[in-house]
Every structure is written in structure tokens, then in C-alpha cells.
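Naming follows writing order (A, B, C and D), and every chain is counted from residue 1.
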Amino acid sequence: MIDLLYFAWVRESIGLGQERVAPPDDVADVAGLIDWLAMRGGGYAEALGDKARLRAAVDQLFVPLDTSIAGAREIALFPPVTGG
Amino acid sequence: MIDLLYFAWVRESIGLGQERVAPPDDVADVAGLIDWLAMRGGGYAEALGDKARLRAAVDQLFVPLDTSIAGAREIALFPPVTGG
Amino acid sequence: MIRVLVTEVAIDVAAELDVLERAGGGAVATFTGLVRDDDGVEELFLEHYPVATEKALGDLAVEAAQRWSLAAATVIHRVGAMKPGERIVLVGAAAAHRAAALEACAFLIDRLKTDAPFWKRETRGQDARWVGERESDRDAADRWKRS
Amino acid sequence: MIRVLVTEVAIDVAAELDVLERAGGGAVATFTGLVRDDDGVEELFLEHYPVATEKALGDLAVEAAQRWSLAAATVIHRVGAMKPGERIVLVGAAAAHRAAALEACAFLIDRLKTDAPFWKRETRGQDARWVGERESDRDAADRWKRS
């Protein structure tokens, strides 16, 4: 089981900020996880359809989307950050 | 007549901060004025004997020591500035 | 002295400056970012990724403190809803020399823009819009990479 | 908005920050220089050349405001006797973008060190000594010359 967190318009499109999922074994990296979630359609497809617009953190560390999710406990998906 | 102003250790060595002088006609530039004043000896010689340690302003504008004093109303002599 | 804070209440600049000044560095530089009202924004909402935010800001402050031998580094970021004129962010550095304090301050705000998980949403009338990434922010952050 | 002040009383940083923040720039950078106590200094005395000082600081603030399109520039310098921990100088800049505010702030303090007629005298016990010129200050000021 992995805790997923969504922020900003990703959160708004999906309609929730947090959920717990158990992706199938063939979902190996963050990009695969995004594709698997987008297949749910609706707000998921809208939020996660274009990976160029997305950034991710695995266990609170910013990572590229080809990062493995093996052993991950918490994965966050969000747009590029705009603080400061 | 020219108003002279002295600051920092120049002022302390000479023992006054301000005086009015009428240098002879052959005193043409700031360096000449410094030499003329240093000839007074005592605190003047002490303060003004080494021109490398001195800076000057003519009518409140920082200038090199070879600047003419023709027409000057106020000349200030002081060490390099150390504010901020 | 490292001070990092993510806060839902107004940033008290005077109190933060006091902390920096008491660190004994002699040179204190600060940068404050404010909500601008010149493009019709009525409200700015700052969302963040709790815990990850504090970690990112703490890492930045520690990196700056080591790189510039700072006496103190402060990074405060506001979250939640703000009005124009309110402070979004304050970064500050105290050092023995002015160049170190000023450079560390620039480093902190440049890198905060790209490395900390905050997201801005601007509201103008009925229109709420998430702010997009700025290319220039990535360039500004990149200049601090060591070769 | 240009604000220049040579003052014998303590610099009120919070009030000065308020002026900069209200200028509407969105990005505010400040630099504060304090009397350091780490080398046994008990008193710092700042002498200046009245009128010429204000003119020098005003020229600097105007140059910075034009060069970086500032919404506000502030230069405040304390004169007279000060104790360790007290503020000697505060410079600040407000701009639309952070790089402009931070650069203008560095410009103001670097150039103030070489261009404004102030002199520091440090007192340690019975020993009062005028502070000498620093080569590094001339180099720091020179980097702002335009080629």
C-alpha cells in the first residue's frame, strides 16, 4: 500500500488530497503509477494525462518521473512548485 | 578666502574642524594647498605630511589631489572614508 | 542559528530581524516577498506539502549556513489565504561580512522558488488560477549549482 | 520613493521596512550593518561631513533607483557614538523582481562604503583608533562600474 498525496490543481481535478492505493506489480516507476491512475478517467485523466506538467516526490524527496516506486510509502504528485 | 574643513584624525591632529584661509596665488591645486598648510608645522605637519593618506573634496565633491582650487569656496581634507 | 517556519499567520519581520541581528554577525541581509496588487489579484492562496516543506526549507538554510559560514539563517514562508501587501516569504542571513550575507540571501530565495513544495493560486473576482512555473526561476536557481 | 537619512538616533528598521513594503514593488531587500563586539570594541564613533553626506547618499539612491527601476530606495546612516549591537547603516530596495531588489541593495552598501564621507573611530578601553581604509571595499565598489 502506498499513500498518495495530490497538490494544487492536481488535487482539485482529482477531487481529493490523499488516498491509499495498491498498484499492480507491473507499475514500476512514478510514470507508470501516473499512467495507471489516469486510466481511472474523469478527474484522474484530466489531472494526470500530461506528464510534462507533473512533478513528483517519493517519501518527501523530489524525484524524476522514471524513479522506481519499489518500497515507497508516500508518493506525492503535483504541478511545478511556485512558492516564494 | 576658502573655508577649510578637517575630518577624523586630520581634524584631531590639527586640533580644529574648520577655518578660513587665503592661500597665496602660487597655491594652485589641492596638493599645493596641503603642502602650504603642512608648512605651519606642529599638528598641521603631522596631519598633512603624507599626502598618500589624504583625500579631499572641493565644494563637497570628492576630487583627486591635483584638482585646481581656483574659485573653490569650501575644501575638505580627510582620510579615506570608512562608513557603512 | 537556523530558523525555519511555515506559518498561517502574518510574518513578523521586526521579530525575525531581531533574531538575525542578535546572532552576532554584524552583517544582516533580508529579502521579503509580498503579494502584489498591480495585476488585479484580490487573494493569493498558498498551498504546501506539510513536513516536506519544512524539510526543504531546513535543508536550504543549512546549505546556506555552511556555504557562507553564516551566524544565522532564517526562512519563513506563509501559507493559506493572503491579501495584496501581505508578506509571503522572508529569508535572511547574518554573517561577518556583507557579501556573504547578501549572497546567502539571494541563494535562499532563488532556491526556495524551485526546491520547496509550495503552490500559489491567484483569485481575481470569480476567477481562481494556479500560477505557472517560471523559466527564469529555474535559471536563477541553477546559478547556485557548484561546478 | 527615495529616502535618505543621516541620524544621531537609533535606526528604526521596522518603520523603514514599512516604507519599502508600501512602495508596491513586491520584492524588498535590505542590508543592515551592526557594530560588532567580537574584537573588544566598546564604542564606535561615526563622524561625517554634513550636507556632503546627504548628497552622496542621495546620489547613490537615485542611481540605484534608475539603474534597477526601483519602486523605492532607502539609505539610512547613523552618526555619533554607538555601542556593540547597534545599527550603523540600513540600505533597502523595493522592486518588481527579486534580482533587482537584491542587486540594488548590494550596490548601495558597496558604493556607500567608498563614496560617502563617513569615518569610524573604535574605542577599546583607553585606546581610540580611526579605522583604516579596506582594499576589499574599493574592489567591491569597483564591480558596479559600468564598462
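Please note the rule applied: contacts are C-beta pairs under 8 Å (C-beta built on N, C-alpha and C of every residue); 3 or more make two chains touch, one makes a residue touch a chain.
Computed from a predicted structure; not experimentally measured.
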| item | value |
| --- | --- |
| Chain separated most widely from subunit C, comparing mean CA positions | B |
| Distance between chain centroids, defined by C-alpha means - subunit A, subunit B (Å) | 73 |
| Computed distance of Cα centres, subunit D from subunit C, in Å | 23 |
| Rounded Å distance between subunit B and subunit D, as computed from the means of their C-alpha atoms | 26 |
| Between subunit D and subunit A, distance of the C-alpha-averaged centres to the nearest whole Å | 49 |
| Multi-partner residues of subunit C (at least 2 other chains) | 33, 109 |
| For subunit B, residues contacting two or more additional chains | none |
| Touch relationships between chains, expressed as pairs | A-C, B-D, C-D |
| Subunit D-touching residues of subunit B, taken from the complex the two chains share | 5, 7-9, 11, 57, 60, 62, 76, 78-84 |
| Residues of subunit C touching subunit D in the complex | 13-14, 17, 21-22, 24-38, 85, 87, 96, 98-99, 101-102, 105-106, 109-110, 140 |
| Residues of subunit C touching subunit A in the complex | 33, 46-49, 51-52, 55, 77, 88-89, 109, 112-121, 130-134, 137 |
